[in-house]
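First the structure, then my questions, so here it is.
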Amino acid sequence: MEQEAILRKYKLRQRLIDLLPLAALAALFAILCITVQSKGYRLDMYLKIIFNEGVVLAVVATGAVFIYTLGSFDISLGASTLFSATLGVMTYNATGSLPLMILVIFGVAVGCSLLSSVLASVFHIPVFVTTVAMMSVLSAIAAQIITTNGGAVGGISIPSALVKPLDNMGFKIAVLAIFWLICFFVFDFTKIGRKQKFLGGNPVCAQLTGIQVNKYAIIAFVMAGIGVGLGAFLTLVYTPSVTATTAGSIGMNIIVAIVFGGMPISGGPRSRIYSALVGGFSYILLNNILKLVIDSNIGYGVSQIVSAVFFLAVVYVTGLNYRSQMLPR
Amino acid sequence: MKTPILEMKHIRKTFASTVALGDVDLNVYPGEIRGLIGENGSGKSTISSIAAGMQKADSGEMLYHGKTWTPGSMIEALSGGIGMIVQESGTIQGVSVAENMFLGETKQFPGPFGSIDRKAMNTKADEALRAIGIQNVSGATPMAALDFQTRKLVEIAKVVMKDPEILVVDETTTALSQEGRQILYDLMKRLRDEGKAVLFISHDLEEIMEVCDTLTVLRDGAIIRHFTKDEFDADQIRTSMIGRELQGDYYRSDFTPSHWNEVAVELRNVSFGEALEDVSITFRKGEIVGIGGLSHCGMHPLGKILFGAIRPDSGEVVTGSGVRITSETVAMRENFGYVSKDRDVESLSLTASIRDNIAIAGMERYAVNNFLMLSSREKVYVDKQIADLSIKCADRDQSVSQLSGGNKQKVVFGKWIGRGSEVLILDCPTRGVDIGVKRAMYQLMAELKKEGKSIIMISEEMPELMGMSDRLIIMKDGRITKEFERSADLSDTEIIKYMI
Amino acid sequence: MKKALALILALVMVLALAACGNSAPAASNDAPAAAGNDAPAANDKPIKIGVLVSDVSGEEALGFRAYYENYIAKNYNVTFTYTEQLEDAAAEKAAIEKFAAQGYDAILSLSASDRTTQIETCIANGLYYAVVSGMLDDAQFEQFKGEQYFVGQIGPSMDTEYEAGYAMGKHFADNGAKTVGIYGAFIPNPMHVYRTAGVLAGLGCTYGGASDKDGIAGQLFGDQGVNMEKLECGDVQVIGYFQGFGDTTFDELFAIVGQQPDAFLSVGMATTFFADALNGAKIPYSDIDSFTSGNAANMADGTLVYLAGKYSSSIGPIFAAVMNAVQGNPVRDAEGNALSISQSYLVATDSAAFDSIFNGDKGDSPIFSKDVLDTVIGAVSYDDFVKLVESK
């Protein structure tokens, strides 16, 4: 009897903790709406801006969930977003062909991702290490291309009219929804996702269960590459130019988004595909709320500090769930 | 009546969804070796780990020599006089034996300029090792160079050199060979004779009856009964452990070897480093083949080679239908299953749920078109394994880390049996498992044999090898030294001759 | 069940976000009008200006900010809101859109990741826009000069940057320096590229055979710095070159200082990074920076011998132009084009010259004071602006 009561309480707690990221998103959304309204600002515009700020992060981070699930880490995602956008712009400027530009963006994004994972498996080093190298190489090459070709303007660009028609909510929502649903399907309804989660939990055991570690690492990186390609394309849709700093904050924001979404950074069986979406938008909402509430005259960085504290709190609370108490055997 | 060294009163402890201890009283007296026995999850490890400072009770009090005892950590408890040797290895691989033994206490060996006088530290470590009868290890040896058993012995020396008044030995003997066990037994007796106390936790009833002076049986977080030496009776102890009479046979009741004619898998002239030298064995369907020997005879790598997890230097593993097993993936495709000796690392993903662990190996069994994974079908599949194997759990979504050892092992079995494995490679399948679960597993193995599965049981426990195998293969130094047919006349002294 | 609930909630959230956002284009035309964009602002309602910044801590940036917030905001009915540090083009665009959502009237930009997108976004949202620091390139200016919401630009053009570098190089060559070290600051930042190109030309050097502005600058962009092997100099010898700021920067500096050059020429930031080292080593040095108290001390007590710089209130005229535009008095040239006036650097080679500029531009009595700016506020002509800017 007592056992059952304890069990019920425990399961309820688990469920509540699982729902926390969503509750946080809903709360942040409500707070933003109230704040914007009470200040007399245009809520419709604000929501559109926030969606635009969040959509690239959500797309890239959703792809990245596959990598994080493996307990791995790709620090080069921001750099490869920049790199593929750069080569995309160069391609358009050389050929004038939009389809070719899109092809190059995706090809380069997936290629960079594949290269990281294949190098890691060939040289038997942690894939994290190859992504660190990739990050330096890709951003250096991109910066070189941009500054040599950008000259005095400091950036390269495609004609803004080219993708302007796509710079609307309908298109972006469709892209996000389709990509997310595909990821959701692969992650939760195919053997691929299940094996990746298991692999993240215990690679040794996974190997001894016939799961080919390299194969699933490569699949994860390809998924992340597709996310990067989409992210790069959406970046160009929003601003048709690329500078050396484009997408610079994406790499870090992905980690934040995934954590805000309630997924353990160590990946494994508790990985959730919706973490990136929920966490990405939560993070952007939080930042905007802080900027609205905290007077910029107080000083730079105050909102970053508040957001960092919030981040630690989220890590602590979500950690309650998987920092499981274990029986001594 | 002597005054107890340690009195534990009304101890209560819960873990997440489980009551591990509910209001337990336990006294430990000087000059006794007290056995603690019970099924997995009965609370025996929990109570002793609370005494040794590894965790805190939710409520209750402890008195040590009449004074309140609230150790904040294992280190604090050890310096206070209660030391514990834990079930799983607690040593650090990257440093030397001496550094492990004096971890955090190297200041007692000051060298010039704030450095450590390694020579003095190594000498002291050597002394401590010799004092408990370990001859062949020196303090300067890197820990990583030692095998599992020797590491365990170092750990024992580390605790004993602090001269604890109460030594807690938790399930340590499963990791030790006969020789290692003897060292430990001698040590325990010495401590007892010095007027100290030992709390000895083991699943091995014979061992516990042999070694202990008194015995406490726990079940479901409560103390069931205390036995004194003259009251020791295997049947009575078992009954109090499980709370009911054991039904049916423990091992197989028949003594006639039998197998089907078809070959299941064959090892052909397999050699691997120094572990295996030119080993050839044919395993048939409907046969249980026991492989025994000392821990380093090569039988553990042999299990991995059979499953394709290790590539042999020469020779090959071929199935009855002629498929070469070259990787785990191929082995899985050929319906092989492998239960590792190192359960928590190699056979389970501890952070995952029971469902994840069972489902992962059997996806092709329930996936639609071997592709689409539907939660409803998966639940049916997993629930069947939970029911068939009577896995004691809150529900299928419970994390396996919260299960007791025996139930964890059942999950591993469910993972492989559920997918219909035709060849089961079981490496120490009953290690750290209580007798109730053990019996269930033996019965299951007999069942699988009848269905024509080929079972390869690698074990360090003589009784189960003799009790279950149709054929018993004994190995020594990477070679097969003897093959026994199943017989009622097998004697363990005869078998051990071929091991050492 | 739990998962299903979670999914539904997530979808609702995204859709809600999307739905609210989607209604924006339909409504966006009338709201800014209500905020007073198209009509002259009523006198009692302050003009709201958003300022885009990519540098939030440099001495020059702080000087500019203090001038706008502490002087202009007190003397005119206007408020300034600064952004956080803007990292890229997307951040710039989002910042502008947020100012629009908050009913702002105009944007002053000190951030240069993507000026084209900045201007297009301002036009789309009905915000006046002006470039405060740096200049558009010719093609960009051509593209937008006719736009109503593009107020224009007043500042050092790339030509001016080159000229500033050239004048500095020539100054040292004329004064008999035989050995010099050069710091290229943050090449490939275009401003630093053109200044460095100017310095090399001013010293009488050729770079990869080129001796003109575009020839040298083009190669510097390609090389991402100065390749010493391509450098051919006459009387003056360049004994060392470095750029950027990292772990080895001071080693590179000391390698040059150790050779005791006659002068150390920097195209930016040297007074921030190296002043103590150079003052201590008694090496005469120059920089293109701004007129600040720190530099006054470097010139009086240290070995800073040449400073080309902006002064904090040099951004006054562009504010006046924006104010005019918001109040319905746009300043356009004969063809109706936006302002484009090049503003040169002021140069000081001794403390007296420095102090006269520096003291003339103090917080409460800046060079472009209210009295001065008032001469171009209201209905004034393009030429009035040119005259004002060139007068200082």
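Order of writing sets the chain letters: A, B and C. Residues in each chain are counted from 1.
Note that in this section a residue touches a chain if its C-beta (ideal position, glycine included) is under 8 Å from a C-beta of that chain, and two chains touch if they have at least 3 such contacts.
These figures come from a predicted structure and were not determined experimentally.
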Task: Pair exhibiting more inter-chain C-beta contacts, A-B or A-C - done: A-C
- [ ] Give the identifier of the chain nearest to the protein's overall CA centre, each chain being represented by its own CA mean.
- [x] A
TODO: Taking CA centroids for every chain, report which one is farthest away from chain C.
DONE: B
Task: Where chain B and chain C are represented by their mean Cα positions, the distance between them in whole Å - done: 71
- [ ] Averaging only over C-alpha atoms, locate the centres of chain A and chain B and give their separation in whole Å.
- [x] 43
Open item on the list: Measuring centre to centre with CA averages, how many angstrom lie between chain A and chain C?
Closed with: 33
Task: Where chain B touches two or more other chains, by residue - done: none
TODO: Note the residues in chain C that touch 2 or more other chains, in rising order.
DONE: none
TODO: Enumerate the residues of chain A that touch no fewer than two other chains.
DONE: none
Task: chain B-touching residues of chain A, taken from the complex the two chains share - done: 2-3, 6-7, 10-11, 188-191, 193-195, 197-198, 201-202, 204-212, 268-270, 322, 324-329
TODO: Under the touch definition given earlier, write down the residues of chain A that touch chain C in their complex.
DONE: 15, 18-19, 22, 25-26, 29, 36, 39-53, 56, 143-144, 147-148, 151-155, 157, 160, 168-170, 173, 176-177, 235, 238-243, 245-249, 274, 277-278, 281, 291, 296-297, 300, 303
Task: Contact set on chain C toward chain A in their complex - done: 2, 5-7, 9-10, 13-14, 16-18, 20-25, 27-28, 31, 56-57, 69, 81-85, 87-90, 92-94, 97-98, 100-103, 112-117, 120, 137, 140, 158, 188-190, 193-194, 217-218, 221-222, 224
Task: Contact set on chain B toward chain A in their complex - done: 14-20, 22, 40-41, 45-46, 49, 54-55, 87, 171, 307, 309, 327-329, 331-333, 338, 340, 345-353, 356, 359-361, 363, 367, 370-374, 394, 399, 401-405, 415, 432
